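Have a look at this one before I ask anything.
Chain lettering (A, B and C) follows the sequence in which the chains are written, and residue indices restart at 1 in each chain.
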Amino acid sequence: MHNFITYYLGTGIVGSLVSSLLPLLWIFPYALVAMWIELKVSAHMQDRLGPMRTGKWHGWAQPLADVVKLLQKEDTIPTAADKLLYILAPLLVFVGAYAAYAALPFSPAYIGCDINLGIFYIIAVSAIVVLGILMAGWSSDNKWSLLGAMRTAAQLVSYEIPSSLAVIAVIMVAGSLNLNDVCAAQAGWFWHWFIFGKFPFLFITFIIYFIASLAETNRAPFDIPEAESELVAGYHTEYSGMRFAFFYLAEYANMFTVAAIASILFFGGWSSPFGAFMSGPVWGAFWLITKGMVLVFVQMWLRWTLPRFRVDQLMYLSWKVLTPFALANLVAVGLWTVLR
Amino acid sequence: MSSTTRYFRNIGKGFWTVLIGMKVTMKHMFTPAVTVQYPDARMTIPERGRNRLYVNMDDCIGCDQCAMACPVDCITIETAKSLPTEDLGVTSTGQKKRLWVTQFDIDFGKCCYCGLCVPPCPTECIYMTNVFEFSDYDRKNLIYSFITLTPEEVAQKTKQAEEAEREAAAKKAAAAAAAAAQKAAQAAQKPQTSPTDSSQLTPSAQTSPIQKNVPEVQPPPSSTGSENQNQDKPN
Amino acid sequence: MAELHTEEMVLNMGPQHPSTHGVLRVELVVDGEVVVDAVPHIGYLHRCFEKHAEAMNYQQVVPYCDRMDYLASMNNDHAYVLAVEKLLNIQVPERVEYIRVVMAELQRIVSHLVAIGTYGLDIGAFTPFLYCFRDREMVLDLFERTCGARLLYNYMWPGGLSHDIPSDFIEKTKVFVKQFPATIKELNDLLSYNEIFVKRTANVGVLPADVAINYAASGPVLRGSGVKWDLRKMDPYSVYPKLDFDVVVGTGEMGTLGDCWDRYMVRVREMEQSLRIIEQAIEKIPEGNVQAAIPKRIRPPVGEVYVRSEAPRGELGYYIISDGSQNPFRVKARAPSFVNLSLLPEISRGYLIADMIAIIGSIDIVLGDVDR
């Protein structure tokens, strides 16, 4: 029963429509909660309080207020902008981020589309984001945006390589591209998780994947594209209101995708860490979401601790540090798996 | 060291310093925040805090010291001489008041809150309070007027002062004319004409080109110590 | 194959830019990402300080002095009152000298905290800024209890001080001195030795010592290039000869001598030295009346004087010409940030745009000082 919706509603138009819109039901509340967590985490790490008044209890309604504010802003399009590209860009970025949710198994009973290619599809479709960003930077008709977009494109493309190599290492161990099988292969108590397997190579694989995926999501220390103190706001300088909200939403959706993939590949996904205790279709969703949120918190922690990389240092890190390590790691894991 | 060792050492250093940084931020995550949630909670302004000025007009003798001390000329003072018959009272320090203060405006849009106007005051009637929340939507509302006379009283006092001055000037002119006439009569009586040097009567305008004539005002008693000027009187 | 014709792009940084430390416009000529030339355009914050000074008496100039380098007001006042006292040829009580030194050094710490915090912000680290400002609050609290203001003090008057220190000042300062080294250690852990920060600032904006001296640089900019020049030791004033401290110079330990990291680290280590000075001076404050030597009316004899002091940003000097009247004839302020900023084109050629931010931040300018 890999998709309880198609089980009950069939595989026709209705079933497909519902199951393709279901992740939205997760993304919107998650984005609001993640925004609030980010505000509070950053505040407490900086010895301050963060939002306290919107919504009375510790400012829980602050993200809601931000969304309403963004929605009621004037929709400006620069006169010299390339209109079609300008309008399409945020949509493409969001589509690239959202399409990955089709192959993410939230629980043993729900995966949007149970294809054999699972993780391969996710990596491929996430590359659409690069297109969207390039379109945004170019169509804004702004030197700073263009610079930001070019840097982003270079960054995203370069970091796909160590990220994919890391994923391949895990897939070799799991034996299947389908993420459901990867989760199932880690069933049992938490020492069955892949992060503890083939020690220390899969641990190194996790580090490589986490760093590379941080760069994929444009989070600090890899936030050159949005470097507020350098390029004002990078490729989305000229965007305001709802269009900006799309970029923002896409960033948070991406954060969770990457965290979810990391938890599926390395931390057991929807398998419970206590073996058969607390496992099942509903518990599975709980475990995946929890593990994903923990990794999202680590992403935020890193953002507020580290300064930003310069563009050439970013490239150096990807090509001269992460890729060789990922390759060497792949060979080691491969040999280990084969020689067993 | 060779470049390979340097390469690995840099990677190692990178990881290690990142972990140390993360430890610092995590530690701060659990230390209590230092924020004071204004406006629900307020920090106390210290006794010497320099915020909005207040003038106690009962003690003001209209000496203009504060206006002269101000570096941005935000205090405007106009006074009118009182008649000898009027009794304006005595300040709390025992000085007799002789001037009606007809205008005492402080423009808080110009005031730079330096506190230079406070020490020169001989009666300590101008002082800085702890009020800082007085922003307004209109700049004109930042001009505070401290006088206690009504506009009618102001007009009346100014008029009577002008009249008194005019009378005094007229009397002086009459006396001077009488004295001159007397002198001329005496000169006409005596046969020998002593050449009266008319130039002796004209005042010599010998002011050095650079030195300006600073009116000699009774210097105020120097303000000593910190106790006197820092009592925070309520607004 | 014909040569590809590329043009250099002219990029305008500022005057509204999050990282130029004020209203500074830098015209960058870039070839791709490499900076070919950087021309600073200033004057957006010019407030005619020197013209104002001619229209008011010596006492009234002090609040205007505060507002030049608004992050280091005490040091601005200090240099000015030293100049006026030299003109008047009066000797202030020793208590005044010691309190002035304590205030100046506390202000140095505060100014460096701002420089370090905002430098972290420019490079992308958001958190150290708040730790710096949290500690700054303790010192601003001390200042507010003493003279009533947090940023622009009008505390040092020609001949003395406006207020004597309150009774709990010394113990509160001791509390601050005791807990501040922990903050410096935290800053070092989080920012100074962080590999990413080091990679962003080491070997960037290298300023050789001879170039620095030729450009009349002063302060941490000069000391970061290895030149051991500190006016508190070379041309001592006030009671500095009686206090024991070291002059901090850059050593090139993370990269080249005279790079941005050196200048940044000189500021961090100078804060430690300032703590040493404060510790000693606090113990030695003698009794006295801080307002005994304040003249009732300041009318210096005809003459001129130039007095310089070590402000947090460099050599701050006042050249005062007196014509014998109550108002100065001319007050010229030699502003350290103005002179240091002239270095910018020289040290930024050949670096990337992202490095420009690091370089401007490491020179540590305050536009109030540059434009006056």
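By our rule, a contact is a pair of C-beta atoms (placed from the backbone, for glycine too) under 8 Å apart; a residue touches a chain by one contact, two chains touch by 3 or more.
Being a predicted model, the structure only gives us computed values, none of them experimental.
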Interface ranked first by C-beta contact pairs: B-C
Chain closest to the assembly centre - both centres taken as Cα means: C
Subunit A and subunit C, separation of their C-alpha mean positions in angstrom: 44
Euclidean distance of C-alpha centroids - subunit A vs subunit B, Å: 63
Subunit B-subunit C separation of Cα centroids, rounded to whole Å: 31
Shared interface positions of subunit B, touching two or more other chains: 18, 21, 24-25, 28, 34
Sites on subunit A at which at least two other chains make contact: 45-48, 304-306
Touching two or more other chains - residue numbers and ranges from subunit C: 127, 131, 134, 190-191, 194, 196
Subunit C partner contacts - residues on subunit A that touch it in the complex: 42, 45-48, 143, 147, 220-221, 223-224, 227-230, 232, 304-313
Subunit B - residues contacting subunit C, complex: 10, 13-14, 17-18, 20-21, 23-25, 28, 34, 45-50, 69-71, 112-116, 119, 128, 210-212, 214, 219, 222-226, 230
Touching residues on subunit C, where the partner in the complex is subunit A: 9, 11, 17-19, 33, 120-127, 130-131, 134, 190-191, 194, 196-197, 199-200, 352-355, 357
In the complex with subunit B, residue positions of subunit A that touch it: 41, 43-49, 52, 301-302, 304-306, 321
Residues on subunit C engaged by subunit B in the complex (per definition of touch): 56, 59-64, 127, 131, 134, 137, 144-149, 152, 154, 162-164, 166, 186, 189-191, 193-196, 289, 291, 294, 296-297, 323-326
